């Protein structure tokens, strides 16, 4: 290769060589760096592969109908499951959603459409952005101070409030973006038809922005479902069902998948550790499915 | 200086003559009597001294070079400019005698009676049926929805093309079809006036032709005011033409009405030299 | 209100808004305004409720709290210096690894190393990394990272033990596994924000570089990265902020021992882990102290995040001015 290149140079003296050898100088450096970047990218993929692998292998082996429906086992017990934890997660994320979604979407309409430049809007936007960076354990501290101390007991609503604090900023900011993304001309059309500002928002903007808003909501839900710290001292944990004898006992400690995983991972019992893996598999599946679905919904309608 | 003042006097007299001939208190054929003294966007004077009348059952065309304020004037008729920050209007816009800019008139109510079709087709992201029914539902129409929707689509010359896909999204139509859908949406409630802001400029020539034919048909039922940058379109379609131009004497570009009158007259024997120059293509 | 009539149009449906319409309009707009207020008040109330309770703790324990090292409930002696140390040290370590890999991933995904479809796949992989809950990372860290690290740690300690970084053995959880898992958790944040920063660089800048005959890497290192540097710096700051607030994985992996040590392999503690572990069982007295610690954590993360946001805003402004 060098010979050929050298021949090229000698043919036309004074003209720089256009052919290059891939192993010289700058080209070599570039090649090495590219190889490095590929390597780094693959290394970055290793944790994900490892986590998923373990979840499927260790978690999957313990997954069964019993695991999904039974109550958590005590120390030396065999068997058992985390049915109440699944129920608890669903209930508390549901409470959090009931609080955060209406509040967040309506606030987003204010920020995006009704009064985007006012001081209140700027303050609310700043508050939402700040809250996105809030350590999740502090949301738990807040809910503890507000609900647990006033009601005197750990409860599902306390956990729900803590999760809502985490969800609200996500819902507000993504909904605001989705509403802003509605083209100006669509907005003009709605006003041109003689809609009041509320009608523009409710009849046109929100329906058009719905895919984006749903994506935001689902991302918030996925985040909330996976959170542990906020629940540790608001809902605590429980080895019993929420619904007993036909009606729900909401004002008592409530189990959740995340807290179960945390508790069981530290126990010296093989059974509990295996259950922790199985619960992790269920939790991660839930979260990943929500993520994928939100991505599909979020595709703009053509 | 003297010539400019003479110009101004002549113009005002010309406007005055037209005004006298179409005095709203005596002429029920004037649906909108628009007397603009000054229109500002923030500190920028966009339009000055323009007196236009929209006559019933006629198509009034606004023509003029870019930046002459014709869109601003059109959008002032249904208070769409209220949506722009810093908009201020001095003057009166009388709709059937009532000044729509008076303090106790709600702009939302104005827009219920004066419909608008925009430059870019902008159907809502809902079904074709829901698009057309939107205005009917908004105005709380209690009668036969499907019948009115069909009527509107027929008026917009779109019915045959969409009657089998009423549930499809409005956005799935072609550009020209979308614009006809927007026209159907606007006429579904049979508003008193239909404003059209360069409705064909985003469309291809064939779609443009269809809409021009449509406009001539719509004229039988609706009063229409249309802004167009295409002189030939105005000649083809408009009964009355209002020619606007740009005044640069005050340091910025301010639009104003030069003259208005029956289309034939404006194009063939205009009163103002400026008009003559524009319609003969000497500037655009 | 003057009633606008439609004039003489017989079939016209046009009608002004009804009283219900006006009422609904006022009600909804009021509710929207109220919702915006609620968000501001949420932040304010959060700061207040933590701050007010922390105030009591501050009055009782004063500055000694910040520099003390013992945590003895019985003797009412509390100090969070080891926790502050642990929080900062673990986050910095995580930033060096996670930040580096995050920026590299961002370069990998935005500088045409992959066909668009494949790039999207990798992008999704990075986003999925972010979706995995913290507690699952903790579980994985306990049973995969710690055992895998132990032989390496022992070897490093045996041969290089004189360097403070390798000064102790890895007996179980510790700084290194915690920092490594933390790095994986902040990688998606750094990668996502850095990608945005790189995408903001106008194409003509890259064109100019190639036009001058640079190799791909020269263009990236000498032109693209400097152009996106504000945004990438912002990404690192935001990643750091995320690491500071991370709770569960650290609580499970850091070892919960109140020591201050440079060694990568000794256990430690963080503010967030302290809160997570002690709050459930805390008595009233301890709660005040914990609130104090919570306030410290809140202040640190708030400052870092606000700085990060300001940097990002600056980067966006620069990009806007350049475009």
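Read from first to last, the chains carry the letters A, B and C; within each, the first residue is number 1.
Here, a contact is a pair of C-beta atoms (placed from the backbone, for glycine too) under 8 Å apart; a residue touches a chain by one contact, two chains touch by 3 or more.
The structure presented is a predicted model; accordingly, all values stated were derived computationally and were not measured.
Trainee: Would you identify the shape of the chain contact graph, picking one of line, ring, star, complete or other?
Mentor: complete
Trainee: Can you tell me which chain is nearest the middle of the complex, judged by mean CA position?
Mentor: Taking the mean of C-alpha atoms per chain, the most central one is A.
Trainee: How many angstrom lie between the centres of subunit A and subunit B, each centre taken as the mean Cα position?
Mentor: Whole-Å distance between the two chain centres: 49.
Trainee: Give, as an integer number of Å, the spacing between the C-alpha centres of subunit C and subunit A.
Mentor: About 14 Å, centre to centre.
Trainee: If you average the CA atoms of subunit B and of subunit C, how far apart do the two points sit, in angstrom?
Mentor: A distance of 53 Å separates the two centres.
Trainee: Taking each residue of subunit C in turn, which ones touch at least two of the other chains?
Mentor: Where subunit C meets two or more other chains at a single residue, that happens at 14, 17.
Trainee: By the touch rule stated above, which residues of subunit A touch at least two different other chains?
Mentor: In subunit A, residues 194, 196, 199 touch at least two other chains, as defined above.
Trainee: Any chance you could list the residues of subunit B touching two or more other chains?
Mentor: Where subunit B meets two or more other chains at a single residue, that happens at 108-110, 112-113, 135, 139.
Trainee: Sort out for me which residues of subunit B touch subunit A in the complex.
Mentor: Going by the criterion above, the answer is residues 78, 80, 83, 108-113, 115-116, 118, 120, 122-126, 134-135, 138-139, 169, 171-172, 182, 185-186.
Trainee: Please output the residues of subunit A touching subunit B within their complex, sorted ascending.
Mentor: The touching residues are 183, 185-186, 188-196, 199, 203-204, 207-208, 301-302.
Trainee: Within the complex, which stretch of subunit C touches subunit B?
Mentor: 1-7, 9, 11-18
Trainee: Once bound in the complex, which stretches of subunit C touch subunit A?
Mentor: 14, 17, 21-22, 24-25, 28-29, 31-33, 35-40, 42-46, 49-50, 53, 101, 104-105, 107-108, 113, 122, 125-129, 131-140, 142-144, 184, 187, 215-218, 238, 241-242, 244-248, 251-252, 272, 275-276, 279-280, 290-291, 294, 297-298, 301-302, 305-306, 308-309
Trainee: Give the list of subunit B residues in touch with subunit C in this complex.
Mentor: 31, 95-96, 98, 100, 102, 104-106, 108-110, 112-113, 135-136, 139-141, 148, 188-192
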